[in-house]
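Can you keep this structure in mind? I'll have questions shortly.
Which chain is which? They are A, B, C and D, in the order written, and residues in each are numbered from 1.
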Amino acid sequence: MKRNYSVFLGNVGSCLDRYCPAYGREYSVAELFDRVATIPLIRGVDLVASPGILAECETVKSKVKEHGLKVVSIAADTFTQAKWKQGSLSCSDPEVRKQALEHAEEVIALCKEVDCDLLTFWLGQDGYDALFQADYMAEHKFLIDSLTTICKAHPEMTVALEYKIKEPRTHSYVSTVGTTILICQATGCDNCKVIIDYGHALLGYENPAESVALLKQFGDRLCHIHINDNYRLWDDDMIVGTVHTLEYLEFFYWLRRTGYQGWFVIDQFPYREDGRDAVAESAEWLDYLETLVDRADMEEIAEVLKKKDAVAGSKLMRKLLKGN
Amino acid sequence: MKRNYSVFLGNVGSCLDRYCPAYGREYSVAELFDRVATIPLIRGVDLVASPGILAECETVKSKVKEHGLKVVSIAADTFTQAKWKQGSLSCSDPEVRKQALEHAEEVIALCKEVDCDLLTFWLGQDGYDALFQADYMAEHKFLIDSLTTICKAHPEMTVALEYKIKEPRTHSYVSTVGTTILICQATGCDNCKVIIDYGHALLGYENPAESVALLKQFGDRLCHIHINDNYRLWDDDMIVGTVHTLEYLEFFYWLRRTGYQGWFVIDQFPYREDGRDAVAESAEWLDYLETLVDRADMEEIAEVLKKKDAVAGSKLMRKLLKGN
Amino acid sequence: MKRNYSVFLGNVGSCLDRYCPAYGREYSVAELFDRVATIPLIRGVDLVASPGILAECETVKSKVKEHGLKVVSIAADTFTQAKWKQGSLSCSDPEVRKQALEHAEEVIALCKEVDCDLLTFWLGQDGYDALFQADYMAEHKFLIDSLTTICKAHPEMTVALEYKIKEPRTHSYVSTVGTTILICQATGCDNCKVIIDYGHALLGYENPAESVALLKQFGDRLCHIHINDNYRLWDDDMIVGTVHTLEYLEFFYWLRRTGYQGWFVIDQFPYREDGRDAVAESAEWLDYLETLVDRADMEEIAEVLKKKDAVAGSKLMRKLLKGN
Amino acid sequence: MKRNYSVFLGNVGSCLDRYCPAYGREYSVAELFDRVATIPLIRGVDLVASPGILAECETVKSKVKEHGLKVVSIAADTFTQAKWKQGSLSCSDPEVRKQALEHAEEVIALCKEVDCDLLTFWLGQDGYDALFQADYMAEHKFLIDSLTTICKAHPEMTVALEYKIKEPRTHSYVSTVGTTILICQATGCDNCKVIIDYGHALLGYENPAESVALLKQFGDRLCHIHINDNYRLWDDDMIVGTVHTLEYLEFFYWLRRTGYQGWFVIDQFPYREDGRDAVAESAEWLDYLETLVDRADMEEIAEVLKKKDAVAGSKLMRKLLKGN
């Protein structure tokens, strides 16, 4: 299959965490694009509409043209600024919700500048931390209303929610695959879709392959994939394939079986590594793991799954891994 | 508020686990009822329609009459027998699905004998353990079809799904609150409802109070509550209130706010304790924790929640705990 | 490297769990041995000294002779009977501790009958479930005293502790690699050793490879390995290699580097599979994964580790997996 | 009991996380001290020897004098700067280890300036993230050697390790209570002690009360306590008492029983709250929960624990909570 691999622009730069404000040096937007361009398998970029990016729209336009990169998606920046600390689309303060809607418009304008039709929301600040901290019913409703406003105003755009059960809040509203589908349904809009972040699915004890199936069944809502790896208990955002192996094979199988035609955007936090090199590794792993699935007989896999037999599945996995 | 407390009949008996086949002696059905009757706060029983219970319908009828107990719900036994080991309502084997539907009819017949209108399904064997073991789309569909058949055939019954993210399978199909609501919706039946098992919600990293709100918002589907306690990482099925305290207070608040009028059925596994005494303790805890909420000012709590302030919530929780 | 693979005898039989008392039919001791003998890569058996095994010492002796199997270890049965429900070696009841010591003698006698010098303890019932349930200091001391008694009385035996952070208790005393080494040290006996159960290490968020290194450094106490697989959050006891891949490779590397010469005993719970076939699969996976390490250049791996570079490690892992 | 409550100075300021570099405004060192001084129950401060603090030694001295605060401990800053990204005391680069030892000397000099005899190490960067990334045996040895050097050179100081199983690395070397005691022992120094961070203990699935008992038994090494709260699956660093209740009561009981005379330093991350107010809340909770234990009969608790009975423990906990 064609390798539709992109990367979040910031991933080739440097990281921070709550203890260390800078593990590496800062890079300019132009430098980040130039670094992306050095990675053979990467053909697209995904952006976060941070103030820095919004201010450099012209750089973005010229750099994607220079390097022949596709802008795959742009994420609203509802998580890096203190103003969203009690939520954006769901915030109980109407003024904050208004700002969030204005920001959405601003991002859609940027999308149009760079020929991108996918606006994404990772609502990391929309949720709560403590018990007795939130009026769940009120805030759920605000979230759905805000989202509906955006989706209805822009039928030309795909508007996608990326779910994650926690972090930075201890509890997020857009938490699991099931709840996210319910929220999409509640907008009444077909252009409201869902992103699977592979690591987020694992963090919520989902099997990403089954989540693909659920999204197909309940409204065919999967539109984009964020890819990385972790140890299942936290969103470690590691290099793809450095922890899990077999889960990726099953994931790719179900994506192919359900006809996924979208992109895989590498989305990791290489705190202590060179960002560019870490992304290149993820792309190599993706290509390697997809090659193993390329070699597989899809019919044979379907037959094994019908047996509902862990022993048959075990033999199949070893065969897939051996690649012959 | 009125204390609608019941108990799963088997809870006052003995437990087993995968290592030890019997931690205590066996009790007859009649003995179990007599043990329940000694617990002051318990006014109902919930049953699992195991072969033993099905064979003793007359004992059940006479004992509930003798002790003035309400039969609150009857659970289909889709989890204690090897024939369901690869699923019941979702099983890819049509013969097994047929048997599951027949069993549902058998349980409904028992319900009618004992004046109970709540049939419940905890589909513990419907799911999978290993990667590449299941055809998710096929089995999800079987599950929904089977459930639809039952709900449509019995509009006089409430048919409720109890969700749990794992165990005994490593992955269950009826996994989280969101996915369970989607499954209910897919039946197209209003009599398809949801049970919150308090410990299952914690196991899936749900905040049970928020799950109550979600069930209210997406179709008002909550109809029953299983209650117990655990350490969040496993369904330890401990005595209510022996691990968590504040979560229960928030849970009771949201149940009252959303108008829950149903029962709390104690559902625990006191492996090493006397079952009757462990149930009595849970009832005492429930009553104590509800009393703390009885004393609270519901308007004051609603005001605190609107502030979205963990410090205000912290003060409120200490006040609730002090009970004055 | 030579493949020292054995299996817990019961693993080729049937399983139960807390819901379903029998997923398959019972097998006699003789049948179990005959089933083991059909698995090409298995050359040993490990036993649990249950009443059933103690009663069939002669069968064991004749069957191991018949099939040319080595009895690798015998585990004291301190977990399948209700009498140990509040602990065995650590039990606060002196009569129960006395029985546990007597059972240890009984197991050592069996060991001598079958030419086995490894007595193991998995103290699954020694711990606690609830808060305010146990006098930790008293019970820790009882555990160490009991263990010291056994080790001192039998310098000719290796006495090994298998740690596990929880289950069946919510908290075990012999919990993690570090605490287990401390307990061994406290006996003052060099014949007090440690077993790594691969799945237990994962359950405690240990990296099994680092646990091997710790056991080497703090007294060279590793003497045996139980092998299986899980999803890290519970002791799922699945077929080896059906979840994790790369962790095994690192584990085998560190075992070779630290000079491990012992056995790998397959220890799993194939609830819904044929036990014999599930064990055969685990053996195939072990052989396959060890073959990948056989092909590796140990010096090259050591050089990569010195770099402390996740990118270099990532490249190495892909190379190991490709097996060339 | 006397309330020895202190706070990490930075806790009354603002927080960042990996997404949002500033949730609130910056405060000067002097301002932070003035904010601490407004919290009635706080009588001490704990410092992190960051460049900012090292540069303001005179401010620290004058402010602690002005407000009558005790400097309880000073933590080496081995975690906020990129130079430690691959470890400090354990780093495989000898130059980095040398810098870490020099930093320790610098911190000890500061300790002497402010009359503090407790130097602490939270070795957050000493560990690894990925598989095949580290030479565990070499780095464990470096860690022990560095620590030994410090402890031996400064017998007048208490040198304490704070353990945490993960974060910011996916795996820390100073991980659990057991391994930390082993590391202390390996230095051969009695002045090498252990800190329990309450939330870190929960994160590692320890029962903090049992960890107190273990530290008493294996060398009496507990010297300091960091206090906060979380949901057990991550170091959420929340306000004390806003999640757990009963665990604190058991923790305080065991601290009193084992004769703990040290401090409780509030150590939390109130990302979205006013830091000063969040600390004041933690102090109120600590005082409230300690008051419940003050009212308890220590002999009665000891008697209950001897029964090894979860039902008796349950009754006891409800009694403690009712405070009468």
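Here, a contact is a pair of C-beta atoms (placed from the backbone, for glycine too) under 8 Å apart; a residue touches a chain by one contact, two chains touch by 3 or more.
What you see is a predicted model, and the numbers here were worked out from it, not measured in a lab.
Fewest steps needed to get from chain A to chain D, stepping only to touching chains, is 1.
Of all chains, B has its CA centroid at the greatest distance from the CA centroid of chain D.
Distance between chain B and chain C, defined via averaged C-alpha coordinates, is recorded as 35 Å. Taking the mean of the C-alpha atoms as each chain's centre, chain B and chain D sit 40 Å apart.
In chain B, 86, 129-131, 166, 205, 231, 233, 238-239, 242-243, 246, 272, 309-310, 313-314, 317 are the positions where the chain touches two or more neighbouring chains simultaneously.
Residue ranges on chain C touching chain A, taken from their complex, read 205, 231-233, 238-239, 241-243, 245-246, 270, 272-274, 277-278, 281, 284-285, 288, 309-311, 313-315, 317-318, 321-322. For chain C in complex with chain D, the touching residues are 86-87, 92, 128-138, 140-141, 165-166, 171, 175-182, 186, 204-205, 207, 209-210, 213-214, 216-218, 246-247, 249-250, 253-254, 258, 301-302, 304-306, 308-310, 313-314, 316-317. The residues of chain C lying in touch with chain B in their complex are 15-24, 79-82, 85-86, 124-125, 129-131, 166-168, 170, 231, 233-234, 236, 238-239, 242-243, 269, 271-272.
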